[in-house]
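Two complexes are shown next, each including subunit A; its partner changes from subunit B in the first to subunit C in the second.
Take a look at the complex of A and B:
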């Protein structure tokens, strides 16, 4: 079990320390056709005697890490990377994403040096902005569902779970369509004289992403808390009633302590989940105003076509989530051992 | 300490147009300091009755009086009652001390009041050295003692106990039973105790209220309930092993059922009756010997009984006998008539093989007669 979990991580770590590239050569090719002969200068992979391409790998130490973190002073791509793939355009990592609105925001057009930290900053903002709402609204919904009679409760639960069931990309798209220019909500807002171009500004785009995060994660918190509410010890509640506790005191002294382990659980899961925020960023802004650490890895992998540097970004991401979760994990560990 | 008066209290649940009667109108008055046990099988309404007194359930009709107040409209916390639950109802996240202190704390009392009160209550149930523990770290008996202490600490005028010993193992139950009895003797608080265990009822109660099918079957002292049952339900429910109840005919002072004949009744009643006899009032003897004595003896005899099973309990031997099988001599056994079983409590030294023929002797003076139709006791 531990091996299964560790092998991909170690593999990624191993990759992140290396740099491989095919050995390329520049050749001049003569093409003869009906209208004469043409000479084209092109690059192609060198082949050895047996016709196989030659791959050169080297150990680069922590260089990828430094580059992701922007600490590498001469942040130029190593020449070996130059010819990899015809579509590779080694460039500023943010250029592709920010092409449409280049220069608008710090994060969008920042130097490579800022890239990782700005991604990390938004990811953390996202986590801290969504978590209290997810926990709070989830608990309120659960308490609300508890009050309903059986028939309405089923309807309520189904409706409340929908955002959780919908595929993240589709969910993000539906938010996007609601808020795009001339969409339903901007139209309604314009009726009362408020005009906001939601996708065109950093603060509103980030707000939308946070909104999406809350909307998408609340059902999970809701269903976990609702399940927890079903198992609140009735005897203790009634004992508290007779002991003289008011409704709020019963909630405070019996229900909340009973739900406490679930709060920690939802917190843990939500932080892990929020740390990987990706879909709303690619759908809502294409990384223009905001990047998350997950998006950054994706960007390095696909736009820069550098799996080794992407590995380094992944490892940093994992390290980040580990740091975030350590306090909670320690708490859980202590509780489990304490019993 | 207070009197409790239930006046025509009933409880009906309505769900989706269907009515469920939880409690038929019942009246009960409980004297100050009395220990009342509500006894009955599950679903008989005993817990409902208690919950109505506690205020956790509201009565559909009728009035509940505690002391000189009608408490129908009062919140549970204002009724001055304390309750002990079957599964303890402790607050798992609090220490034993905090659990016991909770009713006082919630009423806004100061530390200087709470501290000595908790110590006193804990000492009464011998919990003094466990105050820092969490309920999780306690045994079942200790948890129930915490629940008791939490009930005591407020000095309420009524204790309500809802099957407090049901979750404990047999040995603990006996010791906790004496604990509760002693506690009641010390505090002299009016107590309503719900149980389905007749031994708890017999040992603890000043008076027992036997309930079944949402109504009271009989109210009386344990002695009354055991020796003077009002109907077949009470007769069959109280006592272990249960009283034998045999259907048969009474004519001219003689009860007869297949394979069984009991003369010597003074009742002038005739017709279908149910005969009740306690296992300890049945004498077992070897068949041949009894048959010879039968002629001269005035006591009733069931000859030709066969041992169905023989159970040793240590203090006695329980003999379960088929009495109807005697009819086999007539060629066939009708299932209806042929299957009556009697349980007899014989001396612990006696042993009978299964299938062995035995004779049973019954003294008519120790039998109870019930009307077959109404199941009520027939008194001569």
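Take a look at the complex of A and C:
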């Protein structure tokens, strides 16, 4: 089990330090067309005596990291030959693609865009924007559902689980169709005088992704809190009532402390999940305006067909999640040991 | 006490109802427009009722041969669930009966791997499978899904196994069962609810996966979400409507699943909270 996960990780690290490329040679091709003969200079793969392409691998140190971080001065992407599946695109347009992905308007010319940091920035924004809503709405729903009788509870829980269960791509697509031009929401908004083209601007596209995140993650928080509320010790509540506590005081001093570990748990899981945000990004904006760290790796791997640079991006991603979670993990660990 | 404040009570109901609408609106609206022509589905002003047509579904399932994607999803999902449950049950049983402080470390590892974005494993698997020439096979996809799923499965199953007293397998072994027979004939039947719950989550992971499936499969091996995602950027109206129909087709089995297994999903979600 460990091997299944650890070996790919080590391999990722190894790959991120290397670069394989076909050896290319420049050739001049004469092309006869209707407008006379033209001489075109192109690149083509060098072949050895047996007709096979020559692949040269080298150790490139931190070059991919620098490139992903946008610190590399000569940001010319050497063509790679890996991943020539159906997804492979010629690597020339990939440089332009990288610039647009970074969500940076200063594309192409000028200094290379800092892809990783802009991806990380949006990912963090997403985490911090969704977390309070997920926790808040989840708790309120759980408190509300307590008021329902048993039969309605089951119905409510089933229906409320829906956003959590639906395939993320499909959910993101549904939201996209809902917010599309001529979709339902823009129409309703225009009735009250608000006109927004949701996919066309950065702030609205980002807002949409955050909305998706809240919509998708609330059910989890709700279910966990709801289960927690069922196990609040009834005698403590009664004792508090006898001691003259108001409803709010009972909630504040009995229920909340009881739910505290669950808060930490939901927070932890939500941060992990939010760090992985991917589907809404690829569906709603296709990398324009917003990227996430996970999208970045995916994009470099498949669109730029550069597994080495993608590996560098994913190693940085791992570093990011470690930095993000270590304080929380240490805190949880201490609490576990402390009690 | 609570009956004395009917206003507050109604406010609570209203808020819950509002959330239900928010939660189900995208799904319901997609279902509604999937039964319409493009012109009726996206029109200004929005049409609340429109002629019902099944043309989108027909075009998707018959013309675009969506059933192939359905079979791909079925194979991948079944493969992932059965392999990860088989391996997971054996490993978790061993770990649960092992006396030592493995529990905390296992939890930690499961947690760490849960925190890892899936895409971090992708470059190496991608390169490896390319080198071996097995990218775009069911095997490759199932392998990766099982690998990603396994820590979670083992951890979850282990906590279920821990609830079964060791006396039970001892009793079975006194009665003449071998270790394996005790496991197969006595423990597994008792474990059934736990296995169902864990299986459900493996199922959801495999069924809902897009990142790995889209990277590792293409053409005739595409799973349903990947096939649908191809219509993301489609400006073609017919393709878009097929995408809408496909979205509904993907969601329907999930809704059935939630209705049937609501209890198991809830218990699985809260498992970590209670034990963790």
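The working rule: the second predicted complex is superposed on the first by the 265 of 339 C-alpha atoms of A that agree within 3 Å, B and C clash if a C-alpha of one lies under 4 Å from a C-alpha of the other, contacts with A are read in each partner's own complex, and residues count from 1 in each chain.
Definition applied: contacts are C-beta pairs under 8 Å (C-beta built on N, C-alpha and C of every residue); 3 or more make two chains touch, one makes a residue touch a chain.
For clarity, every value in this text was computed on a predicted model and none was experimentally measured.
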Clash or fit: how do subunit B and subunit C relate after the overlay on subunit A? fit
What angle, in steps of 10 degrees, lies at subunit A between subunit B and subunit C when each chain is taken as its C-alpha centre? 50
Go through the superposed model and pick first if A:238 touches only subunit B, second if only subunit C, both, or neither. first
Regarding the shared-chain residue A:121, is it in contact with subunit B (first), subunit C (second), both, or neither? neither
Under the stated touch criterion, which partner chain does A:278 make contact with: subunit B (first), subunit C (second), both, or neither? second
For A:153, using the defined touch cut-off, is the partner it touches subunit B, subunit C, both, or neither? Pick first, second, both or neither. neither
Touching A:301, do we find subunit B (first), subunit C (second), both, or neither? second
Subunit B or subunit C, by number of subunit A residues touched: C
Mind working out whether A:249 is in touch with subunit B, subunit C, both or neither, as first, second, both or neither? first
Which holds for A:257: it touches subunit B only (first), subunit C only (second), both, or neither? first
Does the superposition put A:184 against subunit B (first), subunit C (second), both, or neither? second
Quick check on the superposed model: minimum Cα to Cα separation from subunit B to subunit C, whole Å please. 10
Identify the residues of subunit A that lie in both the subunit B contact region and the subunit C contact region. none
Subunit A residues touching subunit C in their complex are 1-2, 4-5, 8-9, 11-12, 15-16, 82-83, 85-87, 137, 140-141, 144-145, 147-148, 154, 156-163, 165-171, 173-178, 180-184, 187-188, 215, 218-220, 223-224, 227-228, 261-262, 265-266, 269, 272, 275-276, 278-279, 282-283, 286, 293-295, 297-298, 301-302, 307-308, 310-311, 314-315, 317-318, 321, 325, 329, 336
Within the complex, which stretch of subunit B touches subunit A? 54-56, 76-77, 81-83, 85-94, 102-103, 106-107, 136, 147, 150, 154
Okay, in this complex, where on subunit C does subunit A touch? 2, 9, 12-13, 15-16, 19-20, 22-27, 29-30, 33, 42-46, 91, 104, 109, 111, 113-128, 130, 135-136, 146-148, 150-151, 154, 204, 207-208, 210-211, 215, 218-219, 225, 228-229, 232-233, 243-244, 247, 250-251, 254-255, 257-259, 262, 265-266, 269-270, 272-274, 276
Subunit B touches which residues of subunit A in the complex? 233, 235-236, 238-245, 249, 253-254, 257-258, 260, 339
